[in-house]
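Read through the structures below before going on.
Both complexes below contain chain A, partnered by chain B and then by chain C.
== the complex of A and B ==
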């Protein structure tokens, strides 16, 4: 894993170094009133015109001492920015991903079992809508209907009153995941408040992302249903529900698990639009800002972090494979 | 499957029950809307005021720092205004009248506060004022505040103004970052004398009170004791260089405050929101609202919905969205508020040709332009005559702007209102193109990039209009309108590669000096970049900047405005005029163009019908 991360960091840093120092210095400029002399001084101050290897070693030394630098886009040290943004993203992903997977598996199974019947067509329509709707459009529509028209499910991650409690000394932040900390603090009003704010972005993510799982599950399930052992079991008159839900579905889930792992890791860094619309400042939004403004410390940290997440999730997926399919374990 | 459906149903019911309170409000609002349709019916019930003791401002500007020595962006300064006091401040909507705050009176020549030919200002300091940490304000705190800002002198920050006023330079460092000023100069800049704090200017500076009133945060007063005890500069010569030009977030006060202002910092969720709470020990009038929240909501639709729902009391609305907001109910709209911001198209008379792809071949061969292309006055005039100001004001900024003609905006003293911009005249444009470079431009044509910063729709549309007008004159004229990201844009400034570009100016202090200097002095920010030099303009600017006689100043600024037009320096085409949208329960607002954010008004606002 260390080798992979080293390679990733080297690659990303090399790309960053292609960008001229003047553009990388722009992150420190807040006004267009800046003079060329001030810009040159800025480049010197941050050593942006030093040779690339010198800059890389400097960065490496820094992170080995636990200092990931300062992120201008977070107006805070990188670690502090991460602590602020990551839990907001993680919480949404933790709620949305299982629901995305469950809805996808459920509808995919229905589609396969009722192949070419109205229920199958209905799931297909659902999948096509999910695939084709732009995230931005769907998010705005949901927000307009629920918040704009019905006055429920506001944007943000907590109400103003909830935040007063959250940031009071009495509220202990154990995990930084709001709903979990709320339960641990026995503050059910915060728990419901957080859940209330999670509802719309979660629905948005489910509608958009379960289509992929659904289609994958359906085709995988169809393949499983065509296997000899399933046809034999059906011919012998075994309980259909048991055959579909236990025998066929379990085998059909291998590709779904692969995608689910990637989905989880992908959502952690790729919810820019959802986070923008629902005013949930998470890690995706932070990364997008960092990339647009050339916030090198933030970009480097997030790349390393997401690299780690992908490596870990690949490992988890491999372990889960073995659990689901004993043949893999034995091989 | 049934089980799943039942579970979903139960969840839906639970959510509905939970959301009941809010739905109740929606129900209450619905009948009132119906009643409005019936002509003579009684007035509809007004919706309940949300968060009655809190002002929520939804906007998009990210707060950079809380250190007044570094804050040079609107968002940071907006917040700092609520937490810090200055010696004097603007009198309501006026930009040239002041009222005392931490001073007991505004110094004038008549009351003996301004002496030594305008070089010495004495402010008597108010007694009994406490900082947020409980320290008592002394004249030494004020002197220290200004001196510390000079000591820090953060690169690209606001502290140049103090160097300009007290030492006649622009920075403590040279272009290579070496410290070039003597501490004694900083130490003598602001001194104390009993109950007084004394400003010792290098030369007379008529707009001084506008700077002290807090055009930027660096005029804020903080507790010396608090800063020193938090590891900040100790006020001595021995340590000052160590604190000069700190790196990001290492400035002592970047995430804390210790002012005397009506509000105190409650919390700062970086990039999300900042909350200030009322200072119950404030020496001045007690603010009506207990709390203020500056909420960053980047997405316009979300911001709009928050304002309509009442979760935000004030929201930033870009001019593009004025028409849709004008249809909304329950809002108070302050219309046509003239800003002191000007903008326009600048010509670079000394384009750097090194690695410059914006000028293509770099020659007058029809496939590029040379570095001195805009040094030819006929070229500048041809572009100016190709500019259609009336269409710009009517169709591009939808009437939310006016033509300032010269860099000095309307609303400032010494504005020559009799001057007019050159009209849109294609014939004259053609004449000047034919004369330029001895007819070579017309014969060979040219190719160049016209730039704007990406995302700015007004600048994009303006550039397109200008380029189309120019290209319609001769098929050999090729102008590519190109949006550039902020980082690229800033890099081009540094390399002086931009040939022609749209740029704006927001004032540091409300005086013509702050406009003519950057736009017309050969060492000014924009004129310097563009290579514009007129010795007469330089001399007039320097003299007008220190002249105390209003009649003489007027004469000089009038002449400078005429020079701007005669020299065809650039196209100043826009002085912004904006609207402000607030919930109709927000009361007490007024407008001062030097306080560019409505959140600045937090101490005087209240929420009621």
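== the complex of A and C ==
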């Protein structure tokens, strides 16, 4: 794991080195115009054309001591920016991912159990819609229907009234995850307010992402149902429910878990379009701005963060595997 | 002799993309109570499909399209038998693993890799012996409550007892209702008028809908902490599982119940599969090539085990193999199959002494004998494709005695001498 993280850091550093020293020097520039001499002085001062290994070690030292630099787009140190934006993304991901997985597994099972029957076709239509619709289109349609016509589920992450309370000193931020903090502060109005704003993006994410899990679950469930041990269970006199729920599903879950881990980690990296459309100030939106404005420290930090997240999730997936599949438990 | 199961002209087809595979072409066999019945034939001749049809577990895209499968289980149906093709799925579930059990070709893939051995065997008890297990658990609990010194634990035990009793009550009601439905269905068995058929369908659907479980118990089962009361039942069953495994010669049964299939050797796996099948003392054990992937010594052990079990705990065995030696060793009567046809049925002695069907003769000549000097013969040609099977006698393209009539209609099964049945135009 440490090796993988080391690789990630090297990769991130390599990306950074592609940018010529002059451009990187621009990060430290505060005034509008600067002469080439000043530029060279800057490069020298920060050692931007030192040999790569020297720069790498220097960079790594800074990272390890927790200094990730200053983010222009967040107008704050990168860490501070991360603290403001990340919880908003995390909250959406925490609500959406379990639902995506549940919906996917549920519909996938239905599809497999009723193979080639109308219910199966219905899940297929659902999957095709999820696969083929562009995120922005579906998001806009949802906003149009719910917010535009019905006047419910507004964009943003909290109403203005809610924000007043949120930023008042009486409201303590324990976790920075809104709904959790609301409960901890015993402010149920904030809690419902936050959920109300979470609804649409969550539905959007479910529609878009559960298709993948659904199709995977369907095919792996079908595969499990064709195995010899299902025949043994049948010969034992087991009823359909037992066969689906106990004998087939556990085996069918194994590939689904891998994808679920990747999905969770991927969503944590930010959902640029979803967050833009629903005006949620998360990592995705921040990254989009950072990319447009060459906010290198912010981008670096997030790439590094995402790499770490993926590594950690691989580990978690392995642990869950071992829980489900005894053959791995021993090895 | 009393019949146990009879199939009359079953046709089973597989509806594949390439076409309809006519896997069984009117197979008729009769297994009597107490006998070991052999089913032999080349690979792909439909032995497995025959026994799966008997259990009604033909996997999709297969379907039994015609015929009758009669069961003669309890006293009242000794006469006419129950046609299981007319019964509900729930009825079949109550028969499978209880009255008819099956063990399979590949033990390693027949066990579920993610469930413990203990659970997989226990499931047989849970499915068919739940009432006895519940009664036993209630008895143990009663004993514990009476001798109980712990105040709170006592209340917890009383609560457990209450839940188990509720479950037992529900189960008894279920059994009673099901028995009523089955009795009525038996009366309606051969009825052909519309009203009776409607009633029969209605009753079958009703039986499928009935649930063994009591809603309250089901609800409690999902509550956190309280749901652990069920462990008591599993403890009771575990004792039975360990006993059963011990009986079947599994070393260290106490440890084995907590293991998973991949931790066991092939021979042990097959013993577990046998344990699952024998848990409820079936009247018929179907063994579908139970030793084909084991090495020779283990093979001998498993065969010996089946022989011993045959004498002690199972009434009849339907034994599938392509090993004629095993047939001679194990079976009383045997049916030779070829490409979905049951060609010849006879007592084992008669078949080896006086084979009638040209295919049987060929099969016997292709078996190595110790004394024989001659080269082994093989039957020319290959097993036909069953999507477009040969007309008439399916063996006619390979048969040295084929006549014109052979490619016309299917030869009828006739009794040539007592107990010796044959389907071949040479003997008509």
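In the analysis below, the second predicted complex is superposed on the first by the 283 of 331 C-alpha atoms of A that agree within 3 Å, B and C clash if a C-alpha of one lies under 4 Å from a C-alpha of the other, contacts with A are read in each partner's own complex, and residues count from 1 in each chain.
Here is the rule we use: a contact is a pair of C-beta atoms (placed from the backbone, for glycine too) under 8 Å apart; a residue touches a chain by one contact, two chains touch by 3 or more.
Note that the structure is predicted; figures quoted are calculated from it, not measured.
Novice: In the superposed arrangement, does A:237 touch chain B (first), chain C (second), both or neither?
Specialist: second
Novice: Tell me the contact category for A:34 with respect to chain B and chain C: first, second, both or neither.
Specialist: So A:34 only meets chain B here.
Novice: Which partner does A:251 reach: the first (chain B), the second (chain C), both, or neither?
Specialist: After superposing on A, A:251 lies in contact with chain C but is clear of chain B.
Novice: Examine A:4 and indicate which partner it touches, taking first as chain B and second as chain C; both and neither are also allowed.
Specialist: neither
Novice: Of the two partner chains, chain B (first) and chain C (second), which one does A:128 touch, if any: first, second, both, or neither?
Specialist: Touch partners of A:128: none, neither chain B nor chain C.
Novice: May I ask you to decide whether A:325 touches chain B, chain C, both, or neither, giving the answer as first, second, both or neither?
Specialist: second
Novice: May I ask you to name which of chain B and chain C touches more residues of chain A?
Specialist: Of chain B and chain C, the partner in contact with more residues of chain A is B.
Novice: Given the touch rule stated above, what does A:292 touch, chain B (first), chain C (second), both, or neither?
Specialist: A:292 contacts chain B only, not chain C.
Novice: If we overlay the two complexes on their shared chain A, which of chain B and chain C does A:54 touch? Say first, second, both or neither.
Specialist: The answer is neither, since A:54 touches no partner chain.
Novice: Per the contact definition, I'd like the list of chain B residues that touch chain A in the complex.
Specialist: Touching chain A from chain B are residues 1, 4, 15, 18-19, 22-23, 25-26, 51, 54, 56, 62-65, 72-73, 155-156, 173, 175-177, 245, 247-249, 255, 266-267, 269-272, 275, 293, 295-299, 301-302, 305-306, 308-309, 311, 453, 485-491, 493-496, 503-505, 518, 525, 528-529.
Novice: Note which residues of chain A are touching chain C in the complex, please.
Specialist: Answer in residue numbers: 226-229, 231-239, 242, 246-247, 250-251, 324-327, 330.
Novice: Can you list the residues on chain C that touch chain A in the complex?
Specialist: That would be residues 55, 57, 59, 90, 92-98, 101-102, 104, 106, 109-116, 123-124, 127-128, 260, 262-263, 273, 276-277 of chain C.
Novice: Which positions of chain A touch chain B when the two form their complex?
Specialist: Interface residues on the chain A side: 19-20, 22-42, 44-46, 70, 72-77, 80-81, 84-85, 106, 110, 140, 143-144, 147-148, 150-156, 160, 163, 167, 192, 196, 199, 276-279, 281, 285-286, 289, 292-294.
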